Structures are given as C-alpha cells and as structure tokens.
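By letter and in written order, the chains are A, B and C; residue numbering begins at 1 in each of them.
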C-alpha cells in the first residue's frame, strides 16, 4: 500500500505545479506592470512639470532616475526614512506616517510608524492608504523593486542624498510634487546661502588634512569624498586624507584601510561618527596607534552628529556645514 | 498487504493527517496575521478579491506569496536534509553543514555581482549549479574509491568554509553592493513576492516529487554500501542522484531566501522521531513539517515586534537549536 | 522466477571462477584463483588474515571487479548480468552488517525484497510470503517488531540472514557470519545455515575464521593463502596438521571428534619462556 507513495507523489507534484502556475498568473501580470524601474543612474532630479502652477497628472524623475506619475496633488504622504521626512517637511509638506527612528523635525515622533527604514512594513503602508510614498534613494534604493511590487498603484518617490546638492534637489523635487514650489524653493535657497556663506568664510584658508571614520576602533570605515559626510567636509574646505582610495567593504562611499595606512596619513583633524556604544572620538584619543598623530597631540578629534552626517542626510546638513567650519577652521 | 512496522512511536496515518492539518492551520494563521490587523472578514475579502483593494493587496500580493515561499523553502531544505542525512548516514548532515548552502550562496553572489542585470529566473539555476559544485567538491574531497560518511561530513565542513571565504572575496572585490546582493545577504523572507514563489515552485514540485519517489533508495543505502550493492542497487549512481536532488532543492531555496540554518538539520530528526527511519515516510513528512516550521517562524518574525521584523533566520535558530538538542537527547 | 536456475544443465557449475586476479591499486590480492562451486554445495573458505578469502567472496558477489579472469554464474558471465537480476539469485552478507538502530527486524527483512520489487512496485502476495518464510526459517518471527538496536548478537545475525533469504536466493555468500557471537550462538547460526543448505538447496559459500568450525559444518573446505588456493576438498583432506602449519605458520595438533568424525584443531601452546 505505502509502496504506491512514489507514484502518488509524482502525480501530486505535477498537479500541484500546474495549480500553482494557474494561481500565480494574477501576481505575474501585476508584478511586471509595477516594477518598471528605469536603468538611468543620474542622481540629479530633472523636473518636467511647469514650475509656476502645479498641474496634475504630473510626471517627474526622482533621485533614482525613475519616472513617477501623480494623478493629483498628494494629500496623504507616507515617508519611509528619516531623510525622507525631513526633506518633506523642509519642502512645506506633512506626513501621515514615519519610519521607526525618524524624530525630526519636532513633533513627527508621534506619527504612526511603518517599521524600520531598512525593512518597511509594506502592509502597514498600504493600510494607511497613502497617495504618495517618499522613500530614500540611498538607504532604500536596493528595495526599489520590492516597493514597486508591494505598493501597486501608489506612486513612490525616491529622494535622498549622497551630496549637499542632492538635498536641495530633493527638497525642490518634493516641493514640486506636493505643489509647494515656493516654500521648497525658499528652503533650498536658504541651504545654498549657507553653503555660499561658509565657503566664502573659509576661502583662502589652508585646508587641514582630515580623517573621517566610523565603525569601531578595531574595525574602522574611512569616509571617502563621495560619501555624504565626505562631501560636506570637502565643500567646507577640508582635505580628505583618504581621497583617491578605492571603495572597499560593504558601504558605498567608504573604504577600509589598515590602521598603519591611516596613521601614515597623519591627519590634523580626526572626525568620528559613533553609531551607538562608547564615543569613537574617545576611543581614538585613547588608542596607542593614534597617539603620535597630529590630530591627537593637538586634541583635534571630534565626534560628529550621527543623524546629520550619517543616518539622516537632509536639510540639517546646513547646520552640519557650520559645525564643520567651526571644527576645521575655528569659524563660529 | 504489508503491515505497518513500528519504527516510529505514533500511528503513521495519524501523523500525516495531523501534520497536513497543522500546515494548513499555520498557513491560514500566517495569511491572517501581520503588521496590520485586518480581521477575518477582510482577510477573506482579500483572498477572494471582494472589492477591498487594500485587503487584496495586503493579503494576496504580500502575505500569500510570502507564506508560499516560506512553505516551499521549508519543504526544500527539509527534504534536502533527509536526503543528505540518508546519503551520508550521518544525523548531523544537512544542506548547511555540508556546504551546499554556501556553494549556492557563492554562485548567487558571483552571478549578481558579475552580471547585475541577470534576470531573476537565472538566479535559481545558478544557485543550483553552485550547490552542485559544492556537492562535487565535498564528494571529491571525501572520495577514496568510495565515500565514507564521516569523511563526507568533514569534507562538507571544509567546503562550507571554502565557499563562504570565496563569497567574502567576491564581495570584497566588488566596488558596489548591488541591490540584489544586499537583499540576498539580508536573507530571510522580507518582501518576498510572487516572483520568488514562481522561482522556487518548479524546483520544489519537480525535485521534491522525484526525491520522494526515490526516497526508498535511502532505505537500501541505510544498510551499508556492500549490502546495498548486494541488493542490486547501483550505489554510487544512486548516491549521486540523491546528492544532485538535494543540491537542487537547496540551491533554489537559497536563491530566494538566502542562508537559513537549522531547518534542514532539525526537521529530518523530527520526522524520523514521528514515523521511524523509513525514508518513504520520513521524507514526505519532513516536507510537511519543514513547511510548517518556516511558515510559523516567518509569521512570528512579522508579528512579534511589528511593524518591524525579526530576521527569520534568527527565529529558526532560536527554535531549531533547542529542538535539535532535545531530539538528540530523546534519541539516545 | 527461480525456474531457470534449477533447470540449468547440471554440467554447468553454479559458480565458476577462472584465473581470477584482483588488486587494490597496485597491490594484487588474488593471483589467479580458479574455483568451481556446484549447486547445493556448502563450502567454507579458510585462510590467514590478508590471504584474500574475503576479497574472493566479494569478487564472487561482484562487489569487486577482477583485473583479469572471469566469474560465471550458471554459465553466464557475471559482468553481463543486470545488478538486480544477480541480486535476486545471490545474496551477499558482509561481516558485521549494520543498519539503523531503530529499524525493526520486519522492516529489515522487507528491505531484502528490494531486488524482487525495486523502489516502486506494490507489495504482492509472494513478497509477503517470502518475508514471512524468511522470518520463520531463521526463528526471527517473534522478533519482527523489535528494533535492531535492541537485539542480542545472535538475534541480530539471524535477522540479517533473514533479510538475505527474503529475496529467495540460490546462493548465500557470507563473510564471517559468526564474528562477535558466543560459542552457543555460533553453533546455532551454523546449524541454521546447514539446514537452509540441506532443506532448501541453497548453495552456501562462507568465510570462517575458526578452522574447527569450518571442519565441522562444511562439506568442502577451500584453503587460501597469499591470494592462491592451496587446498580444496573435504574437511578431512584439507585440514591436516601439515596444511594448517603451512597456511597459518602455526603448530597444531589435529584430533578427530569422536562424535562426528570431523577434525578438531588444537593449537600447540608455546612453551613458557625459560626463566632467565
């Protein structure tokens, strides 16, 4: 009797396969329709709608180079990263939900959470019935397909920043999309004014050799100029000691150098970003390997704000520029 | 009529009935629960497309395919575990322990890094080939005019380490982490959709059915190579077939869910405990139990700290490790 | 399906080995062994460790492929017989076989029907009968529900003999079936094999470690040393003090068992070392 198992199971397997194919046809059609992600990797936002009076339907190109079409002015907006919500609010909009760790600007920490930005709960987003989702191009870019598949029919706009200009471009883009052009323009211009002001103040001053690290003292990641913090330091006028090094390790914009190679560069300023745990600046100051570097002997090792420089690159980068001008050049 | 022998401690038909019902109940619970509480009527609306588009999206596009992927991955890894434990006559064997998962992971990473545009349909075959390559390396290392189970297991440990190191090397030398590599490395079942279900289903049904059909050969192999040959079995050929089947099941599972330890190791023990050492019974039961285990673990992973998720790999280890120890105690 | 075997012309030996050479790697173990076993014989292979007797048995079971020479089974070249066909006719049992500890005796015996059924055939009446008959013949019917891990050495060995019988073979090839058994169980097992040989006409070829046992139970003894057949004949002819000395480099006295007339080997104990 049980010896027929083999044959029964073969038949069951084939039938199961057919059934499965039949059931999943529906999913096939919808999935392919919504996962059209264009291959362009331009990081600049080109706005195709008219700037004067917002007209819908509106099609824009987001920071991942995807075309996003909105049928009408969005009223219920879900943001899925700290950067995204800060950019939205800077552009004069408001969100109905945030990601777990988003606490800026003031007041958003009471909004419902859709989970962590690295793994947003798509069903929580759907349940909120948003008419626009603003996601993070740098933190969530790898989830673009998943967003498309999960949030069918909901426009998803990827914004976010690897450079200071990405922030201003994101603010302007969001302003356009939500019909707040003027407010967004003012915010972006203000950020650009800060940049001009800081660059004017530091112009002609000798660029200090700067090392930017995060991670742990025995597992350091060194920021390159093409990271967000690296971009800000370069804009302020610092000379990144890791410039020209290839990217290694798992974070874009960062490299892993041996301690010897790091110390060899003899940085005059060491900027650290501590992501939890004891201050990395303190660790560097206490570390024997770094003891002879100019930065340590001069006492110029400083912890940077985790959110502004790493976790939530956004409008507060303007404050970051002032902070860097102070730390690198003593400009208050 | 052959009498049901008393290898297991329970009535075989009863065990199968209860296990099948348990799987159905697990899947029903998994479809009903999530970050959003829908209530029974909206879950049914979503399942049967009763005009509730949010429920439809959440239930049919997010939960159902994910539950199916969990069930198929669990079944694949568990049946692969039965095959490998049978072939090696080693209760500590499994797709993970023997390096098949690591081979599949290496192939996946290599394909995705070397050719980021590779269509998703080609990832599972690549992982399949990677798992087979690993199996052949294990075989080659263990071969001394025949395969001793102990040498096979030891070679597996070495091979797992080898392919893990190769994966690390590929990753270290890739300048940027592509989207799919990031998703793959995260492992688990986050945002798995109909595409993933469609990717793994043919392997589960075709290779799974074949595996169950030839599971009886493991009964013969269990008597030792000489006895099996004396019974007219072409031992090396059969062993190769079984290892290739296990590699296919493992590879397709790894392609959609990354590395999930413990499932393929623990579930075969549970199945044997319930129905004894006849592989014609323990293999199909392992498929049912493995599917249930992963569906339940994934449901927990989505619900416990919703809207955030616990990585399902952590849950399978947390559930699997103590269960494994318990089973070992009970069997000795 | 066993009809052709019994119809085979008596002129053809059941097993005919000709000029067998077998080697592992560069080391040759059998140097041209020729041997003919007739249907219904009970033959015992004896010889010192490493003489090649186990290899010869494995070659007859086609577990080892000879580098030269041939084995014919009922006149057919062994290499040309399909594995399952051969397995239905010839049952090989290795020394100290091991199965899953939780396997029951009945399950083990059913697995012995593999050559007759394959993986997928449903169990037929003749399968059931063969299994029951094997259990009965070996006195293991009462043990059918017991797990292998719970059996004594003698029970364990009888269960494996039952498994070998389930295919209803013409030939049993057994490699030291009495290893690990106490004297009582050794005698019991050898009596069982003798009965199977007499009553069911099964040809038995086995390797035995104990020369006295061989002399007692076999009707033919084949003595092997260094990969060659040294002596072949009735126990009384083969087992002599001279032959044993030549085979095993051991001084023995051969007595005759007054009850059976079979030779009995008594090793001559070396004299205690002279005290210094």
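Please note the rule applied: contacts are C-beta pairs under 8 Å (C-beta built on N, C-alpha and C of every residue); 3 or more make two chains touch, one makes a residue touch a chain.
What you see is a predicted model, and the numbers here were worked out from it, not measured in a lab.
Report which of B-C and A-B is connected by more C-beta pairs in contact.
A-B
Which chain is most central here if centres come from C-alpha coordinates alone?
B
Specify the chain most distant from subunit B by Cα centroid.
Most remote chain from subunit B, centroid-wise, comes out as C.
Roughly how far is subunit A from subunit C, centre to centre by C-alpha average, rounded to an integer in Å?
Result: the chain centres lie 76 Å from each other.
Determine the centre-to-centre distance between subunit B and subunit C, using the mean Cα coordinates as centres, and give it in whole Å.
Distance between chain centres, rounded to whole Å: 43 Å.
Could you tell me the distance, in whole angstrom, between the mean C-alpha positions of subunit A and subunit B?
It comes to 35 Å between the two C-alpha centres.
Among all residues of subunit C, which ones touch two or more of the remaining chains?
Residues 119-120, 123 of subunit C each touch two or more of the other chains.
In subunit A, which residues are in touch with two or more of the other chains?
Those would be 1, 3, 6-7.
Give the residues of subunit B touching no fewer than two other chains, as numbers and ranges.
Subunit B, residues with two or more chain partners: 1-2, 213-214, 216.
Can you check the complex and tell me which residues of subunit B touch subunit C?
It is residues 1-3, 5-7, 213-214, 216-217, 219-220, 222-224, 226-227, 229-234, 272, 276-278 of subunit B that touch subunit C.
In the complex of these two chains, what residues of subunit A are touching subunit B?
Going by the criterion above, the answer is residues 1-3, 5-7, 9-10, 12-14, 16-17, 20-21, 24, 26-28, 30-31, 100, 113-116, 119-124, 126-127, 129, 141-146, 149-150, 152-153, 246-250, 252.
Would you mind writing out the residues of subunit B in touch with subunit A in their complex?
The contact residues of subunit B facing subunit A are 1-2, 4, 12, 34-36, 53-54, 57-58, 60-63, 65, 68, 171-172, 175-180, 182-183, 190-191, 193-195, 197-198, 201-202, 205-206, 208-210, 212-216, 280-281, 284, 302, 306-309.
Give the list of subunit C residues in touch with subunit B in this complex.
58, 61-63, 82-88, 90-94, 97-100, 102-104, 106-108, 110-112, 114-115, 119-120, 123, 127-128, 144-145, 147, 163, 167
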